[in-house]
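Below are structures written as structure tokens.
Here chain A shows up in two complexes: once beside chain B, once beside chain C.
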Partner chain A sequence: MSTIPFQHKMGAHCESGTVTSLLNHAGFPITESLLFGIASGIFFGYFHKNRSFTFPTFILRNRPGDIRMNAEKRLGIKFKTYSFTNPVQGMDCLDELLSRQIPVASQVDFFYLDYVPAWERVHINVHFMVVIGKEDSSYIISDSYFPKPVKVAEESLRRGRFAGGSMSPKGFLFYPLSVPHDIDYTQPVLKGIKKACFNMLNIPIPFIGVKGIRMFARKVVEWPAFARDTEHLSHEIMKINILLEDQGTGGAGFRYMYATFLQQAADLLNKPHLKELSKELMVIGDGWREISLFAARIGKNRDLGTGRLRELSALLMERADAEEKFFKKLKKCIK
Partner chain B sequence: MKEKEGFIDCPEQQMILYVEKENGQYGPIQTGSYITRNYLDDWYLKRRNLIQSLRQQVIRREISPVKFFMVLEDLTIAELSARTTIPIRKVKKHLSPESFATLSQTELNRYATVFNVSADRFQSLNLPEEEKPARETST
Partner chain C sequence: MSEIIAVPTDDLRLEIKQLIMETLNITDVRPESVDNNEPLFGGHNALTLDSVDGIEIIMALQRKYKVRLNDQNLARHIIRSIDSIAEFISSEKSRV
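Let's turn to the complex of A and B:
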């Protein structure tokens, strides 16, 4: 078996990057930022205690899988999907699709991918990538986090696809069956923005959306109680930077990518006010970037006293206030 | 963020960053990771210290290798239980060295698979000593 001709592209985020690459391959010319916006990718959730996490954490995008499903619903794309309980069947199905020259997206636990450097490896069951070929006992992967296609050993891929635990991938595969031609983006963009505003402002759960950012701001001062020692606390505080910048967000916790989407949406909907809002979100993103750099600095210096954590808390509270105002204006703008 | 502020020289970890380009349009650029560029050595330092501390606890028979890898790989008991399909109450027991000695081969294999180490290495308590940094220096 050989490698399928496939235009490898880096993406800001694994799911939006993977779906964008597959759609482009299928002849649907959409950008990652436009797809992310239409799929209402922007989000916030804070988890202070959760049986799947060893330490408080937060998420910045909607539920894994929602980008594909919202794109399917709003853009009229049809995806073929597969899940498996039997790993042998799951690997056979992948081989069969590759033999038919179909590049196919795969959900995996990031930890088992042997091309990922040690410092990036974490157990997270919701990494997406495109499998584009097989050579001997290795698969060729187009992973949007890497500049070039990479190889992964068959056993590593099998372990990654069939890892158990929370949000277990169950060998999940998908590829686009059909894509629309001559699409009018008006309704998909409007629906995407409305849902994003709802998610950030109106979900009646105290740890979701703007309320979630406020909870994060209040609770971050309690983080030392969860830490084994100072180095552990330093590691977790520096992870704020990783989650906001490195772990596939396009910078500032997806705020820069969403600002790019709003700039595109302004032209598509002929609403110049959206351009002003996109500029405002870029500035809000700069504030998130400031938080990232602050967290990295105090973590590295082990400067993690109550005073510093209160400073961090105040910066987060400012972001919550700014995002509440921003999403209210955005909601009003597209009414 | 302006395009010129977004470039970070870090070949070890490339990524996509959305920026404001010179013509005022927003879009992606390929750049490097800020935290990897500046703080990778700190990550290795903490990692080495954690491994050493856990190794000492295993040697002093305060914890089992299951606990060693569970902490190292940042897994909760519930998550480890779900991944190994070993009940939570048993996983809790297996965190102690006494109970570790009674593990069946099947249970050992299940843990080893999740932790991505060979069953032999896991059983013989051949635990990693330290990980080598990817580069010698950083700024």
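Let's turn to the complex of A and C:
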């Protein structure tokens, strides 16, 4: 089996990067930031300790899969999807698609990808990349996290596709069946922005959107009560940095990507004010990066007294205020 | 038209090593012992960093060289070694 001619591109985020590459391959020339914005990728959710989460955590983007599904709904794209319980069937299906020269997106646990340096490997069950070929017992992968296509051993890919745990991939595969031609982006962009504003400002769930950032700010000072010891607490505080910067592009990165989307939206909707809002969001992104740095420093130095956690809480509260003002202005701008 | 390729200088490489060491308060490593091409992460270089150090380096580079590293994926590859950082800074400077 050979490698399918495929334009490899780095992406800011694995899911939006993967979907963008596949759509471009299918002849639909969309950018990653435009896709991210139309799919209402910007988000915030805080999950306090409960039956599902043994320690509090948070997310900064919509649910895995939402980028693809929102793009499908708003842009009129049709995707073919597959899930499997049987790994043999899952690998056979992948081989069959590749033999038909179809590049196909695969959901995997990042940890099993042997092309990832050992020190970067973590268990994330919702990593996406494109499989573009097979050579002997290795698959050729276009992974938007890497500058060039890479190879992964068949056994590593199988383990990654069929890893267990929360949000297990179940061998999930997808590729675009059809893409529209001559699309008018006005409605998809407007719908994407309206939904993002709703999610951040008005969704009636106390831990989602701006309310979720405020809950995070209030609750982070309680984190020591959930930690086994200082080491555990420092690990969890440093995870704020990892979630904001490493895993899934994080707070600052998603804000920067949405800022780029707003630049494009300003031209598509002929609303120059969106360019001003784009600049404002870049500054908000810088603020998230400051939080990331602060969390990394206090976590690494085990400097985790109540005073430090209150400082962290205050920084988060500032982000909540800034994002609330920003999304209110964005909502008004597109009314 | 041929593309202009910005070649980083040894002075720039040294400056970057010093910046990293000052930022992370590393005093027990000599700049000349840091390999330019070996990854800074993963324990194979005299200067061995972890992922938490990454954000410190990104912000220090942004401040000193007035560059922006908004895309974390790209940033991860740029801060992989002294050479990759120097190449990025050189190419950014040549654009100004």
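By definition in this document, the second predicted complex is superposed on the first by the 324 of 335 C-alpha atoms of A that agree within 3 Å, B and C clash if a C-alpha of one lies under 4 Å from a C-alpha of the other, contacts with A are read in each partner's own complex, and residues count from 1 in each chain.
Assume a contact is a pair of C-beta atoms (placed from the backbone, for glycine too) under 8 Å apart; a residue touches a chain by one contact, two chains touch by 3 or more.
Source: prediction; values computed, not measured.
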**Prompt:** Would chain B and chain C fit next to each other on chain A once aligned, or clash?
**Reply:** clash
**Item:** Partner chain(s) touched by A:111 [first = chain B, second = chain C, both, neither]
**Value:** first
**Request:** Examine A:278 and indicate which partner it touches, taking first as chain B and second as chain C; both and neither are also allowed.
**Result:** first
**Prompt:** After superposition on the shared chain, which partner residues are touched by A:253: those of chain B (first), chain C (second), both, or neither?
**Reply:** second
**Asked** Touching A:267 in the superposition: chain B (first), chain C (second), both, neither?
**Response** neither
**Request:** Count the residues of chain A touched by chain B and by chain C, then name the partner with the higher count.
**Result:** B
**Message:** Applying the document's definition of touch, where does A:52 land relative to chain B and chain C: first, second, both, or neither?
**Reply:** first
**Message:** Looking at A:12, would you say it contacts chain B, chain C, both, or neither? Reply first, second, both or neither.
**Reply:** both
**Message:** A:166 in the overlay: touching chain B, chain C, both, or neither? Say first, second, both or neither.
**Reply:** first
**Request:** May I ask you to decide whether A:242 touches chain B, chain C, both, or neither, giving the answer as first, second, both or neither?
**Result:** both
**Overlapping contact positions on chain A, where the chain C interface meets the chain B interface** = 10-12, 17, 117-120, 144-147, 238, 241-242, 245-246, 250, 252, 256, 282, 285, 289, 292-293, 296, 299-300
**Asked** For the complex, which residues does chain B have touching chain A?
**Response** 1, 6, 12-20, 25-28, 30, 33-36, 38-40, 42-44, 46-47, 49-50, 73-76, 78-79, 82-85, 113-114, 116, 131, 134
**Fill in**
Per the touch rule above, chain A residues touching chain C in the complex are 10-13, 17, 117-120, 144-147, 238, 241-242, 245-246, 249-250, 252-253, 256, 282, 285, 289, 292-293, 296-297, 299-300
**Request:** Enumerate the contact residues on chain C facing chain A in the complex.
**Result:** 39, 41-43, 50-52, 54-56, 58-59, 70-74, 76-77
**Request:** Provide the residue numbers of chain A that touch chain B in the complex, in ascending order.
**Result:** 10-12, 17, 32-33, 51-54, 111-112, 117-120, 122-123, 144-147, 159, 163-166, 168, 231-232, 234-235, 238, 241-242, 245-246, 248, 250-252, 256-257, 259-260, 263, 278, 282, 285-286, 289, 292-293, 296, 299-300
